[in-house]
Amino acid sequence: MNTQDTALVLIDLQKESNFGLQQFDHVIKHTKQTIDACRDADIPVIYTRQINRHDKIGLSKGEPLTSEGTPFYYSTEKDNHEIIDDVAPEENDLIIDKYRWSAFYESNLDLTLRSLGVKNIIVGGVVTDGCVMTTVFDAYFRDYKVHFVKDMCTTSNEGAHMASIMIMSNWIYNMEIYNTPNLIKRLKGESYKHWSFEHVDNQKFTPENMRNVFQTLSPEEE
Amino acid sequence: MNTQDTALVLIDLQKESNFGLQQFDHVIKHTKQTIDACRDADIPVIYTRQINRHDKIGLSKGEPLTSEGTPFYYSTEKDNHEIIDDVAPEENDLIIDKYRWSAFYESNLDLTLRSLGVKNIIVGGVVTDGCVMTTVFDAYFRDYKVHFVKDMCTTSNEGAHMASIMIMSNWIYNMEIYNTPNLIKRLKGESYKHWSFEHVDNQKFTPENMRNVFQTLSPEEE
Amino acid sequence: MNTQDTALVLIDLQKESNFGLQQFDHVIKHTKQTIDACRDADIPVIYTRQINRHDKIGLSKGEPLTSEGTPFYYSTEKDNHEIIDDVAPEENDLIIDKYRWSAFYESNLDLTLRSLGVKNIIVGGVVTDGCVMTTVFDAYFRDYKVHFVKDMCTTSNEGAHMASIMIMSNWIYNMEIYNTPNLIKRLKGESYKHWSFEHVDNQKFTPENMRNVFQTLSPEEE
Amino acid sequence: MNTQDTALVLIDLQKESNFGLQQFDHVIKHTKQTIDACRDADIPVIYTRQINRHDKIGLSKGEPLTSEGTPFYYSTEKDNHEIIDDVAPEENDLIIDKYRWSAFYESNLDLTLRSLGVKNIIVGGVVTDGCVMTTVFDAYFRDYKVHFVKDMCTTSNEGAHMASIMIMSNWIYNMEIYNTPNLIKRLKGESYKHWSFEHVDNQKFTPENMRNVFQTLSPEEE
């Protein structure tokens, strides 16, 4: 990862996203640390925002509605679609609005990354098994190398968080997985640990051995 | 589901795919039954094929290579990229070649479905947590309603199969889940059972309760 | 054209666009009339805006710069990227920001039109041979039927305006061409005249006969 | 143009395309010369093919049909969709099938170019004002630099050929225009002439001065 061709992509860290996600405060804390390290390394910071128009135009099929018939989540009516204050964008940061889970779908994310000459993206945000996972797969399809920071991601349940990370690690052959301290070490040019792949479809699991298999993704915590 | 605006989409049922997937013979058996029912109902049958050029042009990053430096999987050099004989296409069927996991990425699948006036897709194939899941998310982004036939899908490990189905069921709000006998009943206009959603992000699970939660997706088997 | 599945798409009628386009005041006058008729018929009004970030991220290659190194045209630094006051959007209208000439490229236009159930688009705006033409071709690729209002479009030179309309008429087989009075008659359910195609690649021309051939596109003005 | 990051893209040089295009034999002759020079320089050669399925699935709206109701042009029923023998692909060349005028629309062209690390494309083929022009605009949107070889392109009428080249030259800010001898000189590292841009929207024309303005695009022929 050359810092010259790297961007930080933060998925849907919006006020609305604080709907009971597990350890969301940890995610915010780690994200702040990573943002600071990226700014120090002149790595551009890109935020995505899920947007549901209050008039429902462009809304995903089946999206929940309020009793008034407006979108229940991420509605433009309120300020809940804004980025959380603790990790709020600075003036020169990029904000990409999106209308589907993947931040690449009918957004200007890919043209932005191409314009910046980006080849590596550092990814975090919410939810691991939804917007983050679909964005990461789409990044892989477009030949970006994904540096996945697992403690900068969360979702509503432990099982889906763990499973989606193992699924990504199985099928995104060039993905590298970090925790925040090790990612920051890498950005600073210090020695670091991460987890990457030797074999395709490596993380086979059953419910019974899932916790153990997931632990193998965390060599840096040994 | 009106049979007039429905298509069957079968993901990567290629000779190459027989690489140790769980209960692959069951998947093929169920797929044959569904293909027959679709032909009876004049529902078009669309096959996708993963294609890796033997000269590696267009290859996904990190794709495994042979000792000769050619793609290990789905190479055009051999006939392993052909559809499995037992479910082979007929003359009027559609074959969509693809170079990334999602069958919508840089393929002509969406224009084909639009041309056919399709609003509903019945989906099966392999692997559940890879090409099937990424295709299903992409179908949802494009407003197609997905009818997911879970015993027409498999992958290399039980955990990823179960988890990816629960993840799809959580975030694809209009997805309906069937087993093959009930899907066929529906196509024939008979009474049938399926599983669909009442709440967003409904399938919360931990490794410990995962088997039980997954069972709730199978009311038709009660 | 059923008004139920129709949208009006207005390309780049921004303050910046007043850079010496021919008869731009006529375009604005006709557009106002069409907007009014569309509102009366409950046809949604969609505006596109060309956006060049002042920090040049995402900028098209070769885009002219000021002496300060910021984009010369459509920069977000000034309010020149806003829609012209005379045809300004109302609260419920849709605004699609775009970063390339075609309004479909990495924007949410297609998902918006799909969500609205649109099959027909009425198109006007600037410039005929640039953003309008590339958007119209992209609409055709996605199976939308284009109703092109030629006196709601202009560009910087008469030749490119005429030629691009004839090129579109040659290769967009289902396009219909109107002037504003006849389009409005159609929206009101009155009898109207328009020009549509009998043969592929029908408008063959040389510089010498170009004016005459272009006249054949205007039967409503006989 | 570094030959290391360059590809030759030839649009729709299919048997079917011999339907009365102007000086088509010259286009084929020049294309052969350019193909040879590209092979000598290890520049990959990519052919696109327009494909209309004989069962009309995926067909563009309004596409002409035979009396039997099958596509009149580029039908897969006959071998007319094959590349013309005189410029036929060699074993290692790339063939991109497409279903709409632009070779980027729902094809694997962009993925192929990215995989090859291409930044520059040399473009020729037919028709100038249709498949070539829409492909060239789409290439520009994706930040490729286009090297346009005007005597490797043609269409059915002189006016549309000239006009579409001037329109591209106006709005594709980084396009360079060559004739075949000068392109080949460039590939060989010899001194060459071409035409490129000093100002945006430079080629203003009327029917009356169109021939003269078009001449200014040909400094190499002075």
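Labels for the chains are A, B, C and D, by order of writing; each one numbers its residues from 1.
Going forward, contacts are C-beta pairs under 8 Å (C-beta built on N, C-alpha and C of every residue); 3 or more make two chains touch, one makes a residue touch a chain.
The structure displayed is predicted, hence computed values, not measured ones.
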Working from the CA atoms, figure out how many degrees subunit A turns to land on subunit D, in steps of 5.
180
Chain copies touching (subunit B, subunit D) - same or different residues, decided at half shared:
same
Does B-C or A-B have more contacting C-beta pairs?
A-B
What whole-Å value do you get for the distance between subunit B and subunit C if each is reduced to the mean of its CA atoms?
40
Distance between the CA centroids of subunit B and subunit D (whole Å) is 37
Express in whole angstrom the distance between the two chain centres, defined as the mean CA positions of subunit A and subunit B.
25
The positions of subunit D in contact with two or more other chains are 100, 105-106, 111, 115, 141, 143
Listed in rising order, subunit C residues that touch subunit A in their complex are 44, 55, 57-59, 92, 94, 99-100, 105-112, 115-116
What residues of subunit B sit close enough to touch subunit A in their complex?
60-64, 73, 100-102, 105-106, 129-130, 133-134, 137-138, 140-141, 143, 145, 156-160, 162-164, 166-167, 170-174, 197, 200-201, 203-211, 213
Subunit A partner contacts - residues on subunit D that touch it in the complex:
111, 114-115, 141-143
